[in-house]
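Both of the next two complexes hold chain A, though its partner changes from chain B to chain C.
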Partner chain A sequence: MKLSFAHMGPISVYRRLIEALGHEVIMPQKPTQRTFDLGTKYSPEFLCFPFKCLTGTFIEALERGAEGIITVGTSQSCRAGFYAEIHRRIMKSLGYSAQFFALDFHRPREFIQTLAELKGNCSWWRFIDIIRLYYAIIAALDRLQAKVRLLRAYEQRAGDFVRVWQQILELFDTCRSRREIPELERSALELISRLPLRQAENAVRIAIVGEVYVVMEAHANLDLETKLASLGVEVVNSQYISHWLRRRLPWHKASVEIALARASQYLKIDLGGHDQENIAHIIEYREQGVDGIIHLLPFGCLPELVVQSILPRLSKDLDLPILSLSVDEQQSTANYHTRIEAFVDLVRTKKRSRARTFWPIQAHPDFTGILEPVNAARLGAIAVAAGTFPWC
Partner chain B sequence: MPQELSLGVDIGSVSVKLALIDTATNEVIFSSYTRMGGQPVAALKRALADLPELPAAVIRAAGATGSGRHLAGIVIGADAVKNEITAHAMATLAYYPNVQTIFEIGGQDSKLIVIRDQIVVDFAMNTICAAGTGSFLDHQAQRLNIPIESFGDLALSAASSVRIAGRCTVFAESDMIAKQQYGFSRAEIVRGLCEALVRNYINNLGRGRELKPPFVFEGGVAANKGIISAFERELGERLIVPPFYNVMGAIGAAILAWEEVAATGAPTAYRGRDALTAEFSPTSFVCEGCANNCEVVRVTMNGRIVATWGDRCGRWSESVDSR
Partner chain C sequence: MGDNEATSFVGWRKSNIMTIGLPRALLYYYYGPFWITFFRHLDIPVTVSGATTKTTVDTGIKHSVAEMCLPVKVFCGHVAELIAAGADRIFIPRMMAVEKDKYFCPKFLGLPDMIRHVLPESADRILTADVKCDRETEITFAMRDQLARSLGVSSRRLAAAINAGRKVWNAFRARNRQGLTAAEALAETTGLNPSPPKPHSPPLPRTAEAALRVGLLGYVYNIYDAYIGMNIVNKLRTLGAFPVTFEMIDDAAIMEKLCSFDKTLPWTFSNKLLGAGYNLFADPGIDGLIHITAFGCGPDSMLGKLLELAAAEAAKPFITVRVDEHGGETHMLTRLEAFTDMLRRKNRRRVEGCRL
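Showing the complex of A and B:
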């Protein structure tokens, strides 16, 4: 069966995973203006921007011959839980008889059934082995990407980090077993450490939180991370596929609950998005020495709209600058960039003034000295920067 | 020793603002405000040509701000290209160090800047619609056949006002027409309009923010007495309108440029009179590289490409040295 999926996260790894199960893959195209136009045209007007992006992406995949779509549709989430079914109906009304495989992590029976359909002839042992390999690859790529996001602020030649990231993806494309991963990760770090970096004073670190799709995908957030890097900002991103998966494992339930409990003084119930998680992230990032937060929400996103209304209180309690940006299919950047630039100025000034009243940075158990493997001497000023490995 | 000056340029949506300040005292030596009628480069050159000859002074730095800051920066040869929010805050703090809140209402957008202990701690820009901006007033003044200059005085002449729905320009306009037909006078409607704009501004930008005096009001709309009095009624506080309220952004750009030059010690990139003779032509084309079909803008100076923007992937802009 020819399968396709959303353009979100390390898609080249999904491709290999699905191919390993004996399917053909129609790679989703990177969303363009055409994708947004198609998505806006065929989606209900008041659904959120990610829904529209996915509508467009799926249509483009079906046009190119896809027969099935793999997506996630959890029953305990916001209205996104219905998206797979609505997408299926929209595609049907457009004349595509695509089969939807919606993975619902909260309904074990249906979840296993969907997996059984997807795994085909492969045995369950083999299937688990494949999943473990590709999970390990995704986790390694996520660790590398977290470093790239911090270091890109010091890029000397425009485009260096985009190119090196492409090389790293190609490097991991050859990975055939979990044993190879440590070596590949070392080679990837070697590639990164060879890039010339510029010295920078008054570096600031900004974390991006918010709705998962717009936080992860550059095309959906007007390439926020590139803009921040060009302003010399170290970026911490709150969303990684490997973290998302890890949090769904039953034996991580307790630690996730402890982490989320910190958000409960601001928001008592889970609204089905990344709402409590984002609040917990913000609190944790503050302790780890992040200088500012950018909160991204798609226009019409209910959980993040609630978070947005809590942000002024969080900002005050934590004494932490927070900028909330709403994104949709409108692709004009003038006003958006002005706000980002002004926010970075604000964060810089605030950091300078705060140097007088130093906020102690707590050591974080997950922080494993992220810069150590890289040639620290060449990294100059940043080598001493406190590490914030994204919370999981 | 000659007087050391810094030049600031602010290209907004409807006008080009120029300010020449003394770097030692931040005193404004010269300022100008030119409506550009959609032609920023031509208007900027005209404004630069009108700079007075100052034999005893020398321009040591130049800065650009406003939504057209990148273009302005290329034309004049700027040492600093900064966003409007930082520029407005810099300029206001230079003259009113105790300021805690800045209202800035321009042609196409409006801003609110919150300052504590001389540091910008929060800001907001209108992102929803044009209901709180100068263009809306412009448009309504035209519709009512009132010159925009006498709009404020007319609003002040009204003894009472009518409530106009200011949430959205379309509704505001139909509401105004309805009130006209009920028989309210033009003065009352204009005053109602000013109050609607202020209410909308405070509700939209001021939401969740503590607005503390001293308030400084700047931007083109600060010329409108009707708006000032509506703000004062709403807040119960006096507003400070700086003498150079409509060029504060340009003043801020000049201050920031001087800071940059003073910090690096490098000579200014300012092109001086050469900017007038150089031929700048922005051209645009649609890139067919992918389905994004970005409209790529290229600026050439005397035939050489000096800047490219508009491409989302960086295919064109990466190949040009941005400086």
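Showing the complex of A and C:
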């Protein structure tokens, strides 16, 4: 069966995973203006932006011959959990006979059933083996990406990091077993460490939190990370597929609850999105010395609007600048970039004027290496203080 | 507020006892009978805020984030008014679930937290209780001990008050099913005035033609709110169209229409509207359906699509009326008139077609 999926996260790994199960893959195209136009045209007007992006992506995949779509769903209060049901109906009304495989983590029986349909002929043991391999690859890539996001602020030749990231993806494309991963990760770090870096006087570190799709996907957030890196900002991203998956595992439940409990003084219960998690992230990032937060939400996002209502208070309590940006299909780059530049200026000024209660980034023992030509061993030692959670 | 007419005092106690303010917004129109009876039974005076006015909406807008949906902005406005009126506590229940595996919109789940942060002066005045139960007819509060403590009553009295509230609420629902709108049944069961209709809306001439029956789909806080709903029930009635709302349809019938679904919407009230919509689409006695929604409503963006698809399948007239904070009664009236005219013309043509 020819399968396709959303353009979100490490898609080349998804392709290999699905191919390993014996399916053909129609790679989702990177969303373009046409994707947004299609999505906006065929989606309900007030549905959130990620839904429209997916509508467009799915239509384009179906046009290119996909027969099935793999996606996720939940049974919680956020609209994202019900995307697949509406997508299925929209595709049907457009005349496509696509089969939807919605993996619903909250309905164990249906979840297993969908997996059984997807795994085809391979045995459950083999299937679990495959999942573990590709999960390990995704986790390794996520670790590397966290480092790249920090170091990209010091890029000397424009485009270096994009190129190196492409090389790393190709490197991992050859990975056939979990045993190879540590070695591959080492050579990836080697690649990164060979890049020339520039000195930066007043680097700041900004974390991005918010709704998972717009936080993860550059096309949905007008390439926020590139913009920040070009302004010399170390970026910490709160959303990684591997973290998300790990948190779904039943034996991680207790540690997730402990982590979320920190947010409960602001928001007592989980609303079904990334709401409580985002508040917990913000509190945690503050402790880890992040200088500012950018909160991204799609226009009208239900859980994130509640978070947005709480942000002014959180910003005051933590003495931490927070910029909340809402994105949708109106890609107003100029407005967006002006606000980001102003925010980065503000964060810089604040950092300079504030008596440092937290470790200054330049003086951090893990970080000193970056200001000299970096060597691989040093780079490995950058534990990326920010960006990793005790529960991830 | 300040206007005595808009304020209804219920229950009697010495003046130094705390009064509880109940915002006349969101699910007040549905669970109001339960809450009012509950507090009455505990001898706690209750103040219900007045009908939503332009000022209420403006106050609400001032305090909420820009993209918030209109009903929640209206709710903020009501809370601000109650604070200004000096209510000691404002009752903001956290509506979590009234049936198994179904929830409320995230904004309801986070409502007490949200209000506490957008209206800092309300922080120490909010009285909140989690509502979480498996069956709506057995509605109750979770963590009753805590609630009893904050109200200063024994848990036995609290249980009795919940029982009394539930009884009145079930009576209210029974009256709904007999054909009363939620606002009418609310007025009847609690003895409170419904939001007073505006005195100067000239009654339109009743047409001589046969009355229409239209399905009126929308959340209670949209249809019965004086500002959002603009008295749509009466407007339709004067146009000779009699609205049928979801609360008039038996819950069992609603659920029956949904059981063929592999997965239903995650929100209780959206599901009720969807089931009611399917019932009304299948009912040959219904001439057309009106879906009234407020700007920024998330669940309605999905519900609306499902209703739209069902309308196409049932080949029944269907209109969506979206209301935002700019108000303006004329746009509503014009569209209702056009819709009922269209239904009449359609019926006339059908009758003529039969004659030929």
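For the reader, a short list of remarks on this structure follows.
Just so it is clear, the second predicted complex is superposed on the first by the 355 of 392 C-alpha atoms of A that agree within 3 Å, B and C clash if a C-alpha of one lies under 4 Å from a C-alpha of the other, contacts with A are read in each partner's own complex, and residues count from 1 in each chain.
The rule is short, and it goes like this: a residue touches a chain if its C-beta (ideal position, glycine included) is under 8 Å from a C-beta of that chain, and two chains touch if they have at least 3 such contacts.
Fair warning: this is a prediction, and the values are worked out from it, not measured in the lab.
Taken together through their common chain A, the two structures put chain B and chain C side by side without a clash.
Look at A:Ser75: by the touch rule set out above, it reaches chain C but stays clear of chain B. Contact with chain C, but none with chain B, is seen for A:Glu85 once the two complexes are overlaid on the shared chain. In the superposition on chain A, contact of A:Gly159 is made with chain B only, not with chain C. The larger set of touched chain A residues comes from C, when the choice is between chain B and chain C. Centred on chain A, the angle reaching out to chain B and chain C in the chain A superposition, using CA centres, is 80 degrees in steps of 10. Looking at the shared chain after the overlay, A:Ser326 reaches both chain B and chain C. Legend: residue contacts after superposition of the two complexes on their common chain; A:Leu346 is shown touching chain B, with no touch to chain C.
Touch criterion met: A:Pro312 reaches chain B and chain C at once. Contacts of A:Ala334 after superposition: chain B is touched, whereas chain C is not reached. When the shared chain is aligned, chain C comes close enough to touch A:Gly273, but chain B does not.
Taking all C-alpha atoms of chain B against all those of chain C in the superposed arrangement, the shortest distance found is 5 Å.
Residues 309, 312, 326 of chain A touch chain B in one complex and chain C in the other. On the chain B side of its complex with chain A, the touching residues are 67, 82-86, 109, 117, 119-123, 125, 127, 208-209, 290-293, 312, 314, 318. Against chain C, the residues of chain A that register as touching in their complex are 44-48, 73, 75-79, 81-82, 85-86, 89-90, 93, 104, 107, 266-269, 271-273, 275, 299-303, 305-306, 308-310, 312-313, 326. Residues of chain A touching chain B in their complex: 29-30, 32-35, 158-159, 162, 219, 223, 226, 309, 312, 315, 321, 326, 331, 334-335, 337-339, 341-343, 345-346, 349-350, 353.
Of all residues in chain C, only 64-65, 67-69, 94, 96, 101, 103-107, 109-110, 112-114, 117-118, 120, 262-263, 265-267, 296-302, 304-306, 309 touch chain A in the complex they form.
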